[in-house]
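You will see two complexes here that share chain A, one where it goes with chain B and one where it goes with chain C.
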Partner chain A sequence: MVSFLIDPFSLSFMQRGLVGGILIGMTCAVLGAFVVWRGMAFIGDAMAHTVLPGIVIAFLNGASLFVGALIAGIVTAVGIGWFSKDGQVREDSAIGIMFSGLFALGIALLSRVNSYQDLSHILFGNVLGVSWGDIAAITVVLIIVGAGVALFYKELVVTSFDPGHARAIGLSPATVRYGLLILLALAVVSGIQAVGVVMVVSLLVTPAATASLLTKRLDQVIVLGAGLSVLGTVTGLLASFHLDIATGPVIVLTLTGFFILTFLFAPKQGWLMRLMDGDLPRRAN
Partner chain B sequence: MTSLAAENRRVWGLIALITLLAILFVPFSQFALGVRYTYTLRIVSLGGALLGIVSGVLGCFAILRQQSLMGDALSHAALPGVGIAFLLAGRELGVLLIGAGIASWLGVQFIRAVTRTTRIKQDAAMGIVLASWFAAGIALLAYIQGRSDASQAGLDSFIFGQAAAIVEGDIQLIAGVGLASFVILAAFWKEFKLITFDPQFASANGFRVAILDTLLSTLIVVAIVLGLQLAGVILMVGMLIAPGIAARQWTNKLNQMIILAAVFGAFAGGTGAIVSAIDTDVPTGPMIIIVAFSLVLVSIAFAPGRGLLWSWLRAQRDRRRFAAQTMLRHLYRYATQHGGPDAPVPCEFVLGVGGSAATIGLEQLRQRGYADGDDQSWQLTSMGIEAAQEDAHNQSLWDTYRQYSDELNLPMVREDRQEDNHSLLPGEAVQKLEQKLEGPQI
Partner chain C sequence: MSLESYGGSCVVPAVSGHPALVIQDLTYSYGSQAKSALFEVSLTVQRGQKVALIGPNGAGKSTLIKLIASMLPLQQGQIEIYGNAVGKCHHRVAYVPQRSDVDWQFPVSVRQVVMMGRYAHLGWLKWPGKVDREAVQNALEQMGMADFADRQIGELSGGQQQRVMLARTLAQNADLVLMDEPLNNLDVPTQELIFHVLEDLTAEGKTVIVSTHDLGVLPIHFNRAIFLDQRVISDGSVEEVLTAETLARAYGVRLCTDPETGAVTVEQLVNNRPVSRGDTHGQLFD
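Right after this comes the complex of A and B.
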């Protein structure tokens, strides 16, 4: 049993995957608390997709992939705001069209690059492929995100729950939102290395959503979410190793498993307890 | 009223133009691009166009009901269904699509259960379903590819879409299902329109909103599932909403929006499929979405009324139009107070009150022969005086309209003070205003 848990991590790629995966999971989960509470899941999802053309263009020009991705993420955030500015396109449609259009562009560009097989890593992630250099970059991102959230915690909380009050005490919700979007772009770019563009939204949303089933306090959601994310990553890595399935999908499915268990059996909000209390809402729609 | 009719004509004209372009694309690609319409390519382009029509039409409802992102979650959630259906029944498109539909449906039920019983918002629930259903699909496809089974080929085309995988039987399936959903759409047209734009009114008036809602959502799922093979699960949402978003920029009417979306969808689906069939390196889904995305960008930039270019031009035109009028008023008022309408007006005053638009306004007045002047002073010509007096009269008519329109029982119009009120109000209304203005005040 112990060797079942320990042996895989004697391999160096598993060690790097473990460290990288844990750092990435924590980064995404910390921001995820705000993403869930502010309803920004699909902006995160859109950013994950639209970094693709940024990565490809940076690759073709020999620039840093990370910088290319980050610029594309910021362009997305600004672009969605611009599309939906005058009510020309509603925000949900603006998100849908931005991400599919730019992602399609990214794939078309990528199909012109010779190393076409790299696509599957970007799409589905490969945390076992991270190098120690990548881990250094991921650590820097985690520090920036952690510091950003810690320093501006009060501002983030106030603008999340009461924009009117925030404005009254001299905070600009728009500025805080853009700051959060930049942090989100950073987290998404590092998350792609673990689970790929399509499933990053899971790292962002699932641990924080699970935690918010268990507690109402935002600080507890952040800590609990990060813990769940680490647990899910470790479990996912082990399962992926023993079952011989790609790590990205397994991590995502593990996190969702946690969510479903909590959804069914959580002490207060859980489906089972409410069923026993006869408290399940029966309204249609 | 005239502007409405003009807009109508413009939209129908646009529909005709795009249809013509789409039809002309075939000979153009034959001669200029050297495309040969083999049997396969004919099937592929026909399939692309048909799917573009179906998803474009039903996508309009997804957009208007603010379900674009639900469409995205649904299309991702379809993937495991494809894998399971393949394991159970082999590679049969109809069966695969039924599997896809069931998986999507389960995803929707999960999203509903979570949002209904917990505090978690819909976007987070959709994100969880999107990622985990997709993850299960990827794992299943990887498992299927690991088996020694020859007929599995092409199953991963469901991720990005591959037009080359479409065969003649698929066309019949697409056409049949598409036709059936259009018949349902036509039969429930009024009801669907109502629950889309005013669900409260619909339920208050005894419409079965829940049933209609389910029916319309099912049609949208059908459109998504049909398109999966062509556009792939990741990009299907683009195929669904792009034609509708582009169409929305050109018109405010639902029937026009739907027809325009069908034409845009056919154009994107057909040309995208052809281009990707010529250059097999580019998968079909991305190519179609790029064409559709370009249509959206062009529409947002150039659509009359709402487009960015249009707004910019209008702002420029207004600035110029108002500049001349404002300067005329300033000149007239200053001159009448300083010796009579044709008294010279010193330049410092003119530039001072006019601000940045002063020079534009003065130049326009000179061109029209309303005023003339130099660096020192400006003076109204006799034509200019006449115009200024007319304008002053027009303004006082508008003032009277604002004050007495109820009392005189005048028609309601948007009060545009830059316009001559003869052009906005019927003749007898203006006569009443004139009488009110000139007649004895009560």
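Right after this comes the complex of A and C.
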């Protein structure tokens, strides 16, 4: 049993995958608490897709993938804000337009990179392929995201809970939102390396949503979400090693499994307990 | 809105002798709408006054309150708060939002919500200290919510949530308190507590402006009423403002007293001609 758990990590690519996966999972879960509670799942998913052209352009020019993705992420954030500013286009429509348009641009550019292998890594992730250099970059992202959330925690909370009060005390919710979107772009770029463009929203949403079923405190949602994410990554790596399945989907499936189990059996908010208490139809907003 | 306007950087003192609020020729319209929400509104509120802001739906009450709270940018006209231009000092003005503007399910505790009143003084990169925690505890106790301090805000009843919002205002220690429809669907004890606290605030020389549809509370709890319908229709003591004439003008109705029974009925007016008769309540003040 112990060797089942330990032995795989004697291999260097498994070690790098483990370290990278844990760091990525923590980064995404920390931001995920805000993504879940501010209703930003769609924009998170969109961001994952819109950074693709940035990554491809950077790749084609031999530039840093991070910088390319970050620029694309900022373009997305500003673009969505600009399209929907005067209420002529609804925000979700603006997101949909940016989402599909920039993703299409990314795919079109990718078709000039004559390698399906590159495409599949970007779309579906390959955490076992991360280098120590990637891990250094992922660590920097985790530090930036962690510091950003810690330093601006009260501003993030007040603009989420009561944007009117925030404006009344001179704190612009739009400024905070742009900051959050930049952090989101960074986290997405990290997440893509683990589970790819298509599934990165799972790292953002699923652990935090699971944690939110277990606690009503935001700081605990963040910590618990990060813990679940790490657990999911380790499980995913082990399962993919022993069963020979691609890592990204196994990580996502594990996190999804945690969510379903929690949704059914959580001590207070779980479906089973609510069924037994006879108050299932409740939980109005 | 500049980054500097948030937090403790506000050092503008209240200008002595100036009224709490002076509004001159304020006109505001939303985006592409041709009709302005507010048109040439001018009014002055002295320190220590408790003012009810009334008017039909869409009269611009919320817009006016949001402009005073510097939540909307000035388009035309001027607003002076304690002698300073609006937006100069954010912690002098506290705003209690309408219920629907707050995400009650968000995972914050009651204590954290009340602490948000202190954020007005803290600003970027500063953390609450002893003074802030004491202000929060005092505000919680004053509103009778100390026992609920660690509960998630969404677990409370509507009345309790409104008490927490007022506790946040107390913790902010603002000079001008703005409340947008704070009385809707509240239990009577909570309403009474809110009026009690507002009375205390004005007794301390603070100024309170409350928008409400509940005209029944006006004579007892307010010393001034402003009837707003895009512009100031009438302004004065509650008795002066609550006349059949202003009601008719603002709500498009006419009060009729039956000469034989003495019963009061309401006529709906369209272009100053009656179209239907009905009971006053419900239609008018919902």
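As a working rule, the second predicted complex is superposed on the first by the 279 of 285 C-alpha atoms of A that agree within 3 Å, B and C clash if a C-alpha of one lies under 4 Å from a C-alpha of the other, contacts with A are read in each partner's own complex, and residues count from 1 in each chain.
FYI, a contact is a pair of C-beta atoms (placed from the backbone, for glycine too) under 8 Å apart; a residue touches a chain by one contact, two chains touch by 3 or more.
All values derive from a computational prediction rather than experimental measurement.
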{"item": "Combined model on chain A: chain C and chain B, fit or clash", "value": "fit"}
{"item": "Partner chain in contact with A:V201 - chain B first, chain C second, else both or neither", "value": "first"}
{"item": "Partner chain(s) touched by A:T175 [first = chain B, second = chain C, both, neither]", "value": "second"}
{"item": "Touching partner for A:G164 - first (chain B), second (chain C), both, neither", "value": "second"}
{"item": "Touched partner set for A:W271, first chain B, second chain C, both or neither", "value": "first"}
{"item": "First, second, both or neither for A:K154, with chain B first and chain C second", "value": "second"}
{"item": "Touching partner for A:A185 - first (chain B), second (chain C), both, neither", "value": "neither"}
{"item": "Which superposed partner A:F259 touches (first chain B, second chain C, both, neither)", "value": "first"}
{"item": "Of chain B and chain C, the chain that contacts the larger number of chain A residues", "value": "B"}
{"item": "Touched partner set for A:S212, first chain B, second chain C, both or neither", "value": "both"}
{"item": "Nearest Cα pair across chain B and chain C, whole Å", "value": "6"}
{"item": "Overlap of chain C and chain B interfaces on chain A (superposed complexes)", "value": "212, 285"}
{"item": "Residue numbers on chain C that touch chain A, as the complex places them", "value": "1, 3, 5-7, 10, 31-32, 66, 69-71, 87, 90-91, 93-95, 97, 101-109, 112-113, 116, 119-120, 122, 124-125, 127, 152-155, 168, 172"}
{"item": "Residue ranges of chain A touching chain C (in the complex, touch as defined)", "value": "37, 86-87, 151-152, 154-155, 157-158, 160-165, 167-172, 175, 212, 215-218, 221, 285"}
{"item": "Residues of chain A defined as touching chain B within the complex", "value": "35-36, 39-42, 44-45, 49, 83, 88-90, 92-93, 95-97, 100-101, 103-105, 107-108, 111-112, 116, 123-124, 195, 198-202, 204-206, 208-209, 212-213, 245-246, 248-250, 252-253, 255-256, 259, 263, 269, 271, 274, 280-281, 283-285"}
{"item": "Chain A contact footprint on chain B (complex, rising order)", "value": "63, 66-69, 71-72, 76, 113-114, 116-121, 123-128, 130-132, 134-136, 138-139, 142-143, 159-160, 210, 213, 234-235, 237-239, 241-242, 245, 248-249, 281-283, 285-287, 289-290, 292-293, 296, 300, 306"}
